[in-house]
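Once you scroll down, you'll see the structures, which are given as structure tokens.
Across the two complexes that follow, chain A remains constant while its partner is chain B and subsequently chain C.
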Partner chain A sequence: MNAYTGKILYIDLTCGSCKTGFYDEAMAGDYIGGTGFGVKMLIDHLKPGLDAFDPGNPLIYVSGATTGTIVPCTASKFGVFAKSPATGLLGEAYSTGQWGAELRAAGYDVLVITGKAPKPVYLFIDDGTVQIRSARKLWGKSTWEAEQAIRDELGDQNIRVSGIGRAGENLNRLACIINDRFRAAGRTGLGAVMGSKNLKAVALRGTQDVSVADPEGLMAFCRDLFERAKGPATAKYRTLGTPANMLTMSAQGALPTRNYREAEFEKVENVSGERLNEQFITKIQGCSACPCRCEHIAKAREGRFKGAVSRMEYEPMMAFGPYCGVDDMNAIIKAIESCNIYGVDAIGAGIVVGFAMECYERGLITKEDAGGLELNFGNGEAMVEMVRKMSEREDIGDILAEGVMRAAEKIGGGAAHFAMHIKGLELTGYDIRGLKTAALGYAVSRRGGDHQRHGSYGWDLSGKVDRFKAEPGRGALVMGDEDMYAVIDSMIICKFTRTIWQGYEDIAKVYSLVTGIPMEADQLRLCGERMSNLARLFNIREGMTRRDDELLPARIHEDPIPGGAAKGSVVTPEDMAILLDGYYAARGWDNQGVPTDEKLDELGLGAYASIAEGVRA
Partner chain B sequence: MNNKYKFVSVDIGKCVGCRVCEYACSMEKFKAFNPAKSRIRVVRLYPHTNAALNCRMCQDAPCVIACPRKALTQSQENGVIHVDDKLCDGCGWCVKACEFGAIALDPKPTVCICDLCEKREGGPTCVEWCPEKALELTTTDGLSQKARIEAVEKLAEAME
Partner chain C sequence: MTETVQLQYFGSVRAAACCAEEQAPLAENTSVLQLLHQLADAHGEAFRGEVLSGEALRDDLTASVNGAIIQHAAAEDIVLQPGDTVALFPIFPGGG
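This part shows the complex of A and B:
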């Protein structure tokens, strides 16, 4: 095969054994890479019903179809999969930087890590050889310190490291896996799965060729794609970056503020992308083989947090800014830096701190619980300290490290009403009360409260649909988005460049040029649908039902947005019924959200039909 | 030092560390993507200093002088240093002699040095592919001229 290595590395940390497996062209053509490989490997290798921290839960790394090539912007991408300790469902996250390209150059497309090492270890995969090395000196170190220590120990400053910090070691359910300092496989708590295996990091050195089927054809088409990637389609990401959303989302009444109490932030000017770029951004740099470069690096300029460095995106800025009522950019930069250092999801962590602030103001968390912190909305210093406490499981941080769903159960006193999560995963930066298409996308997202599996807010915010109205037709829109995103996350294409691709045609063309496997647009769309259905089956097998799709946080159902452009909006249970019925019908699923036999046969998933049969009424 | 040969020079202010040059270089030379075989190499110092480094075509190049096996020869015409793969055993003396870190061992191991894509129509592929236009084919004198013009532009701006 071209590009694909065809190799899977299986590592059992309990007994310290490794073996190489192989996959064939049929697997490649049906599942592409990334999402497809991850979901397929997980459903095939996880014993149903295991606890996420059971050694049998496999931690799976996957590369994309075009990883390691010049195709924009795909070279450095990789995905991580496991059963999620946050949701108990599909755990899935993607990262970029340099690590993904190194994985393929080191000779593997898939790593399946099972078991639990008796003592802390890290893996070193060096051009097809594998070492399980002691991490005794690394345990307790930050992600940044551990990366440097590994490079020093192995004597090579080009080693790429993907690993956990204190949060992962402490089984914080929001723990992420950090690589190349500023990049994270961020969501669904996969860092805690890594920690549960006593695995500190996976280090790579790869020097092998990544060959492609048609070098001349590919380079010619990539020239064109490079031009598009430098054009208007990506202008936002190259200039202000996603923080440009701050002002527009506030004006649209869709900016989650003070734990979803409001949907606009009165001090949004202080945390705008415009101000960030003018005063704090010191460099915009790029991932491996990226013609766009979007990595906005900021430095805190003054006060207690002077010198803190982080990569800035809208989502974490929202979470540690308006969501916590904080308008001090220096504190926001520091909080995100802390997330990178401790290895905790910078979106989820901000949502948790905002939740804790509301608990504090309602007297459900006391100053003593908070270790002496005055955890009011707007207190940036307390916010930063809470990130550390959560990672170290100190004081109330021990409970908050469980995520808002579990924390609300422990705290009680009605806290569940404003615990903003879906299926256990904290919500992201779009107030879905006034974005009904997005509300559906979030509700059915296979990894819980998440915008990245569908991007369906686009329909609402662009005015292509009535954002305040629930209609059955939104189901087909969300399905189309999900299947396309599944393909994007399989290639794995950076979502910031999604608009340089003219639909499935362009992606199929690049796929064939790179791999030599014939691929048509329709076929590729079907691959996306196959992945969406297989992921649904995985979640069904882990116990998910229609009820889990219907149940949004009580605040989304009951508390209208108090002011601004979306004033009065809620998502009622009736809205949800309309949206879900429409979505299930579009998908060819029954009214409980279970794929039909016909649909599974059509997608070549007949082998998994017993999962659906088991739950069908 | 070099004062007449052309070489590929990086503008550190513009370089974003994307390594597109490495991908393009390895494709040109080996018909495969492999940054570990590229003749131009990108260094990123955290958090955000980036630079692509390659041969600066020094006159009386120290690497050529350092090679104990006479595996390296320099073209008098364009300054390019050619490596005789049969003679080079990857001992690394030339690597040490180069002050720019421009010589790398490709995994064979023999050394690889930028040859300005001398057989390629259109010149160095890295310059063509750099998305930031951070690379240019220039001479020491060309850089010097550019620096002077920039300095005067700044002056002019200040005087306005």
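This part shows the complex of A and C:
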């Protein structure tokens, strides 16, 4: 095969063994890479019902179809999969930087890591060879310290490291996996799965070439793509970047503020993308083979957090800014830096701290519980310290490290009403009460409360639909988005550049040029649908039902947005029934959200039909 | 007295307009789309590129009138009234 190595590296940490497996062109053509490979490998390798921290839960790294090639904005991506300790369902996260390209250059497309090492270890994969090395001296170190220590130990400063910090070691259910200092496989708690295996990091060195099927054709098409990627479609990512959303979301009444108590922030100018760029951004850099260069690096300028450095995006800025009522940019930068250093999902961590602040103001958490912190909304210093406490599991941080769903159960006193999660995954930066298409997208997202598996807020915010109205037709919109995103996350294409691609046609063309496997647009769309259905089957096998899709946080159902452009908005149970029925119908699923036999046969998933049969009424 | 509308710009639209807010004169029966063309003529090509794609609204632009997001297809049918507030937002889909 071209592009693909065709190799899967299986590592069993319990007995310290490894072996190489192979996959064929049929697997490549049906599942593409990234999402497709991750979901397929997980459903095939996980024993149903295992706890996420059971050694049998495989931690799976996957590259994309075009990883390591010259295709712009796809070359460096990789995905990580496991059963999620946050949701108990599909755990899935993507990262970028340099690590993904190095994996393929080191000789593998997929790593499947099972078992639990008796003592802390790290993996070193060096051009097809594998070493399981002691991490005794690394355990307890931050992600940044561990990365440097591994490079020093191996005597090569170009080695790429993907690893965990203290949060992962302490099985914090929001723990992520960090690479290249600022890049994270962020969501669904996969860093904790890594920690549960006593695995500190995966280090790579690869020098092998990646072949492509049609070098001349690919070069010509990539020239065009590079020009598009440098053009107006991506200009906003290079200039203000996603933090520009702060003002936009607030003005549209869609900016989650103070744990969803409001949807606009009165101090939003202080945390705007404009102010960030004028006063705090020190460098803008890019990933491997990317002409967009969107990575905005900021430095705290003054106060006790002076010198803190972080990559800045809208989501973590929202989480540690308006969501916590904080307008001190220095504290926000420090909080995000802390997430990178401790290895914790910067979106989820901010949502958890905002939740804790509301608990504190309601008297459900005391100052003593918080280790002496006055955890009021707006207290940036307490917010930063709470990230550390959660990562180290100190004081109330031990409970908060379980995520808002489990923390609310332990704290009690009605805290579940304002625990903002879906299926155990904390919500992200779009107040879905006034975005009905997005509400459906979040509700059915295969990894829980998240915008990145569908992007369906775009329909609401662009004015293409009535954002305040629930209609059956939204189901087809969300389905189309999900299937396209599944393909994007299989190639794996950076979503910042999705507008440079002219639909499935362009992606299919690049796929064929790179791999030599004939691919048409319709086939590729079917691949996306196949992945969405297989992911659904995985979640059904782990116990998910229609009821889990219906259950939004009580605040979303019952507490109207108090002011601003979306004043009065809620998502009622009746809204959800309309939206879900429309979505299931569009998918060809039954009214409980279970794929039909006909649909599974159509997608070539008949081998998994027993999962659906087992739960069908 | 000349009738006007109030304009609010966000993100890259703001950068292209070189201001966050301004007032613009409003002729009778001016639609949202006509206003955007009028603004593009005044502010130049950078602004035009941020808000328009050919003759129509750029696909990834959100426009609201008095806080309500308008449907793109209706931009040429919605007639502005003196004193209306028009806001222009670029949409920023996230990554990850």
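Just so it is clear, the second predicted complex is superposed on the first by the 617 of 617 C-alpha atoms of A that agree within 3 Å, B and C clash if a C-alpha of one lies under 4 Å from a C-alpha of the other, contacts with A are read in each partner's own complex, and residues count from 1 in each chain.
Heads up, the rule we're going with is that contacts are C-beta pairs under 8 Å (C-beta built on N, C-alpha and C of every residue); 3 or more make two chains touch, one makes a residue touch a chain.
As the structure is a prediction and not an experimental result, all values here were calculated from the model.
> Using the superposition on chain A, tell me whether chain B and chain C clash or fit.
fit
> May I ask you to decide whether A:K283 touches chain B, chain C, both, or neither, giving the answer as first, second, both or neither?
It touches chain B, and chain C stays clear.
> Of the partners chain B and chain C, which touch A:M1 in the superposed model: first, second, both, neither?
neither
> If you stack the two complexes on chain A, which partner ends up touching A:K495: first (chain B), second (chain C), both, or neither?
Second partner only, chain C.
> Go through the superposed model and pick first if A:A416 touches only chain B, second if only chain C, both, or neither.
After superposition on chain A, A:A416 lies in contact with neither partner.
> Chain A residues in contact: does chain B have more, or chain C?
C
> Let me test your reading of the model: by the given contact rule, A:A105 touches which partner, first (chain B), second (chain C), both or neither?
The first partner, chain B, only.
> First (chain B), second (chain C), both or neither: which does A:P215 touch?
So A:P215 only meets chain B here.
> Tell me which partner A:A565 touches in the superposition: chain B (first), chain C (second), both or neither.
In the superposition, A:A565 touches chain C alone.
> Regarding the shared-chain residue A:G463, is it in contact with chain B (first), chain C (second), both, or neither?
Once the two structures are laid over each other on A, A:G463 reaches chain C alone.
> Given the overlay on chain A, how many degrees, to the nearest 10, lie between chain B and chain C at the CA centre of chain A?
Result: 80 degrees, to the nearest ten.
> For the overlay built on chain A, what is the smallest gap between any CA atom of chain B and any CA atom of chain C, in Å?
18
> Taking the contacts chain A makes with chain B in one complex and with chain C in the other, which residues are shared?
Comparing the two interfaces on chain A, one with chain B and one with chain C, no residues are shared.
> Under the stated contact criterion, what part of chain C meets chain A in this complex?
Chain C reaches chain A through residues 8, 10-12, 14-15, 49, 59-64, 67-72, 87, 89-96.
> In the complex, go through chain A and note every residue touching chain B.
It is residues 68-70, 75, 101, 105, 181-182, 206-212, 215, 219, 226, 229-230, 282-293, 297, 309 of chain A that touch chain B.
> How about chain A: which of its residues touch chain C in the complex?
Against chain C, the touching part of chain A is residues 93-94, 96, 186-187, 232, 235-237, 239-240, 242, 244-245, 247-248, 251-253, 273-274, 294, 313-315, 428-429, 451-452, 455, 458, 460-465, 467, 494-496, 498-499, 564-565.
> Can you list the chain B residues touching chain A in their complex?
Touching chain A: residues 16-20, 23-24, 26-27, 30-37, 44, 46-48, 50, 107, 129, 131-132 of chain B.
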